[in-house]
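So that you can tell them apart, the chains are marked A, B, C, D, E, F and G in the order they are listed, and the count of residues begins at 1 in each.
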């Protein structure tokens, strides 16, 4: 019983975070913020849901598997966010107009030098 | 219907809504990275659905599907990113939207 | 290295315990409990023969907990932002000079940063001296404060672990 | 008999190798060989003249009842001798005529091939082996007509002859098969000919007659398929003499003779052949009269003469057959001689146009003598065999009493007049007249070339003078075989001054009159459509146009049309199967949406959304991503329907495809406007296809399935397959062979991609 | 009875697959691959002979793969028809590999020509031998994917264009097959062809089976290049090198025909009047439009390609007539056609060696210059056109007889007319390539005379001679094959023989 | 697309992916998994590596030619079916070792067969990716 | 429910055909792949749409009643892998065609059919 409640709570909480992430995806003004927000909420959401599932099954193998998934996700999710936003910056995806971009110029200069060096 | 099942159902509904929102972002874009990220979130939603569905149907095998799902989605994201950067090197100034 | 070894031993002990005492139900919780128990025991034992590793693993544990806390905080912040009608965001791209040097350090830092409130690593400069970060909450345009927070937070904790010379 | 044939074919084969290199040895050897063959057949004269029939049977294809059955009776012996003797003469003649040809080895080889085939035709008593030889004569004729293959006209004529005669041959084959179906005689002529009533009862007789007649008509150059023969004059002259006058074109007549006993009671047989023959005879004679080229004149008179033979078979009755047989002999002699002489003249003077020839009596006396005698025989002048033949023809027609006989007679009179005019033309203008050749040095042809025509002409004369001695014995038995009764032929040169002789005289006068008027008559305008060649060309070009048009529609190079064709044809078949089977939409017992859960709706919605979105985007990458959503949704469905393995595989496969797509498309240029336009015009096809597939799958899905396999696999999975995952056990154990094939496919794909990507396109090589 | 006999059926497959694998392992060594290919082709030929003799003497050979009893596991079945097809495919494969040694460029050999060729034959052989519908699909795919690669190997523009069409339509056809298999499984619950044969015969709703029939008809129809599904063939076959075209021309479409014959004698015989009348109509249209296509072409290889289509019509005609003689005719025709058509392509390749072209207008003079080559061509070309006593004549004769016996006069008329048009088309090649003078002849553009051609390309000529000898045997001694075809036809028309052999041969 | 962060994580991911692939492989006979799935998963890190670092650097790390792996895999699958022939049973009949091994479970020719599948998939996917990332 | 599945199958077939009939090679490829999906999905569903009963047999339970039919699943797997092979090939073909012919427009790929 406790196990069920615990599991349900985790799953529900996780789902709510997932939903929040998606709302954020719609609401936030530019790609970078959306990316930033969704990554966090999604990782937490998945973490919670998987924990809920693990508690529900209460099985060693399942625990190990879930642990493995979580390990992967913690490695991968921020990496993905990083890679895509880096790509976005390189392909000059527009920032929100309120964003302060002074220090970005530095980065862009560096990128251009690199590109020039290649050519 | 036990309380637990109810919770799981509610969770599924929440995630379905979430999926829908994600797809809306996918459709409206506007930039390619936006779409990539929304695909990423889409696959996370799938993972969640599969995990919950696994619980609902008491079938651990589905958890495996979810597991692999999560690995795979990452590869997809990576490839899209690869594409973006490569594209940038190939055709300067002609990025995602070439319509 | 020794920490990983300990974890492995704990795993084996857990398995062994379950195999020897069939009376213990083989549910996930009992396994987890056994594992935690064995790990703790080994960890405590470590205090006696490898003090450095003992502290280091404590630091790692602290870091993991801190990380999880930050993740929850970050998500809550997102939730707050999503659910309140007005927005409080003042984003900026911030360049953070790095003390971290090795690949592992930089990578850990960048990854951790991405999961903390409002931050997202964009790239590391080619000379590995600067980390570019997208920060959503730059209060009154003060990027230095952000820099300081990150350097004092994660970077310090990571460097503490990676630079303690214990696991020779 | 088989060995005689085989030896001829073998000799042909050897000639191809040795004749050119060792002509000095090869010619005498070959001549002796042919003499031997002639002697071989001549040996049979005695028994055959006693009315004996020799049969040899050599098994060939038991499974089809096709054998080499050889039959030697009067008719075939006559033709066998004709073929071999003429063959020898032609060989001798051509040894000089073709002296300077680099390919005379080939020539002799083809000639022997032809001779063997022709012998095969006349000796075969099995319809199919007869047919085989029949077609071989066409084929060897094709090779010989095209002998001067560097000339466009030769190539065209050869091809034309081949098509016409082979086309007729196909009809003939069908006719033979009908005869076999009707009688079940195992294609055996001897048995077949005894059973006309079986043919009549089968109801296939009319078809058989028409088909066989088509075969004979094409082979013997009858109207309207006669035109290939004049064109075949592109062949070297010995060929024309041998094939297109004396032997091959007579194969059709031979066939009619052979089958006459089977059909001689049938009106259709008589009318079809009679009318065809009469028309051809008239037309040929008229055309011959128009021509100036010696060989073409001869060709058209041959057409006409063959028409006469057809007409006589059509007339029917013993007298007609006797007349035809004599006329055939006469024609072979005079026409062979004339052709060879024409060849000599052409060879020596360089021309064969009558208007350019003159003075040959003095320049080439031996050849001219042959021409004179032969032309006289052609004109039916006393005392040549031609005269005997013509008299018999008139007599047979005059006394026949058949309904058409008087019309035939009238037409024959006309044709005869033309023949005589032509003969006068040749004799006077080429031989006697003093003209432009008067002052040129022209030598008589070599003895090898002069002798054969002279010999033939001499035989014409001898046979004319003493027909009863020279030709009657054999011809009598031949004719008897045609009407299948006791021989009744009695030949003599002079029958007295009767009405028939008066008719002959009248014909001669008419011919002279025509000759006088010939310049004026030749100027009569000839509309192109009267020319059969015109129709041949029209048919050929229409076929080619049709071919081009149909190919441009069916094979237009646009993949989408190919796909649409396939799908539309498929849809038509499916509609037919649905409608014909009375398969309506199913009524599921538990209602339409029973058991429907939210997941399924979600998946459905996902797929529909993605599909709709798919058509509204213009970026390949977004198309790719959208397509990924479809794939993932399907994977979700697999999970839902209890297939975790399939789901995982689908996820992986989808992702792999996505990755590859992305790796590829980042090198493609942006879409052009042309590519992004969605072609709505194909939407109906797509919708039709979708609807049909929906209906079909719905019908099928509503069926119950009861599979012993399912139970077997589930039950044996653990006990026999040692695994709990039945799907995996099937893959690696129960149906491992499928998996072996599957990984082979993957490996081949890999090689294919290596080939595509690593191969440096070699542009130098074509 | 199976233990010792097992390798009989599998041996040909093993030989090819092992050769394929070793070619991959020796990827860098084209010479080694050539040796492997030639050895395995010879081995394949020997094992095919062995298999054929076993079937001929001892009846249908069956092996239950994995020792799983018949309807459950996959069964390989070699009946007379299958073993004849395996044998003829071995003959062709051997000739082609011999030919390819000198025909194929080194670059192609380095990029997987041999392994793919071998694996394609592997797929073909498996398609003939399998007794399971889904397994048949797998073999088809092995064969098809290999043929995709072979078509495209070389990356010339034409090859790429042709392969786009070929791949797409093949994929569609495979899709239809798979759907058909799915329907059959749903309706009968089995995949084993013998089992299916019984299940279909007993099925209460033949209308439903009809749906599956449509899918199979179209699926196999595309593979067999029936009207109106043949467009992929002329679009793609003329593009790759001759060795490839020869092999495909000989084998690929014939696998489709084989499958049609197998399915429409073993499975779909519940409604003969409609299914086989439909086949008859398709047969007539196929032969007619195929030959029209050939008439419109001016390229040696394209003409030959369209003739393949046309001739497929004859094979299907025999199937559609569905009498023992007709089916025997089809089988005879298939064997004849495989030999002759492959050989014609090989000869077109030799002609191209001499003058560097396939366009009729740019060819000529072969008759004078290469008399032996001319002889080779004449035998095959006029055999194709049905000049007696060459093998093609016997095929046409048997079919015509069967058709007339069955009172199907119209189709016989069409087949004879098409025969005439085929002759028209063959004589066109003859006239313009062999008889006419070559445009370049005056400039002395022939690279070789008869002797040097043989010296430098003896393998090309030898393999063509080999096939020509086979054709000649078939021409002058057709008795053996006709008798065999009749026996095979009897076997095909009595499915019970097949069913008993498969279902009563469970090793357990 | 060389980023420091990516390359570091990739290095960490490689053993994870491979052990995960082996896990999926060995449990495949009893649970979802098996040769195809395992082969694909195992190839993912190398695929990413090739995408990130380019074909040349990857082949320096991954020394064996993937096409060779595919060939060996096919050979393994082919041969694993031949044991039964030696024992007088039809081709591809399963032959099992009676003992059960720890972790891996029952060992028999189907397992080798499946491993052949794994190798083929692994080799094929890698070969293709390497070729496509080659500049 | 079968209707819904049939609709999915039909929609996929329809969409795939429509894509294949467009000018772009790229769309053709997507169409071809979707065609494969439709086919394979149909092949799968003939096994029945059993829910929550994957053919994983637990050694403890004797009964295998109600488990999904494993055979169509296995066939589907094989078919997926095979069509993956073909898909990969076609995709690379697109690249090569573009490199060699310089176009992606299917209507330009008709030289081999020109008479």
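Things worth noting here:
One rule holds in what follows: a residue touches a chain if its C-beta (ideal position, glycine included) is under 8 Å from a C-beta of that chain, and two chains touch if they have at least 3 such contacts.
Predicted, not measured: the structure shown is a model, and the values here were computed from it.
Of the two interfaces, A-B and D-G, the higher number of touching C-beta pairs belongs to D-G. Among the remaining chains, D is positioned farthest from chain B, on the basis of C-alpha centroids. The distance from the centre of chain F to the centre of chain G, with each centre set as the mean of the Cα atoms, comes to 24 Å. With centres taken as mean Cα positions, chain G sits 44 Å from chain C. In terms of their C-alpha centroids, the spacing between chain B and chain D amounts to 69 Å. Chain D and chain E have CA centres that are 26 Å apart.
Counting partner chains per residue, chain E has residues 17, 20, 24, 65-66, 134, 138, 141, 145, 148-149, 152, 155-156, 164-165, 168, 172, 176, 182-183, 185-186, 191, 234-235, 296-297 touching two or more of them.
Each of residues 20, 28, 38, 42, 46-47, 51-52, 54, 56, 71, 75, 77-78, 81-82, 85-86, 88-89, 92-93, 96, 100, 106, 109-113, 115 in chain G touches at least two other chains.
Across the assembly, chain A contributes residues 16, 21, 23, 35, 45, 57, 59, 62, 68, 72, 75-76, 79, 81-83, 85-86 that each touch 2 or more other chains.
Inter-chain contacts occur between A-B, A-C, A-F, B-D, B-F, B-G, C-F, D-E, D-F, D-G, E-F, E-G, F-G.
Interface residues of chain F, counted against chain D in their complex, comprise 28-37, 40-41, 47, 51, 67, 70-71, 73-74, 77-78, 81, 92, 94, 96, 106, 108, 110-111, 113-114, 116-117, 120-121, 123-125, 127-129, 131-134.
For chain F in complex with chain C, the touching residues are 3-5, 7-9. For chain G in complex with chain D, the residues that touch the partner chain are 1-15, 17-24, 26-30, 33-34, 37-38, 41-42, 44-59, 64, 67-71, 73-78, 80-82, 84-89, 91-96, 98, 100, 104-107, 109-115.
Within the complex formed with chain E, the chain D residues making contact are 60-64, 103, 106, 128, 131-132, 135-136, 139, 142, 146, 149-150, 152, 155, 158-159, 162-163, 166-167, 170-171, 173-174, 177-178, 180-181, 543-544, 546-548, 550-552, 554-555, 557, 559, 561-563, 565-567, 569-570, 573-574, 576-578, 580-583, 696, 699-701, 703, 705-710, 712-713, 733-738, 741-742, 744-745, 747-749, 751-752, 754-756, 758-762, 765-766. Contacts from chain F toward chain B in the complex involve residues 1, 17, 20, 24, 31-33, 37, 41, 44, 47-48, 51-52.
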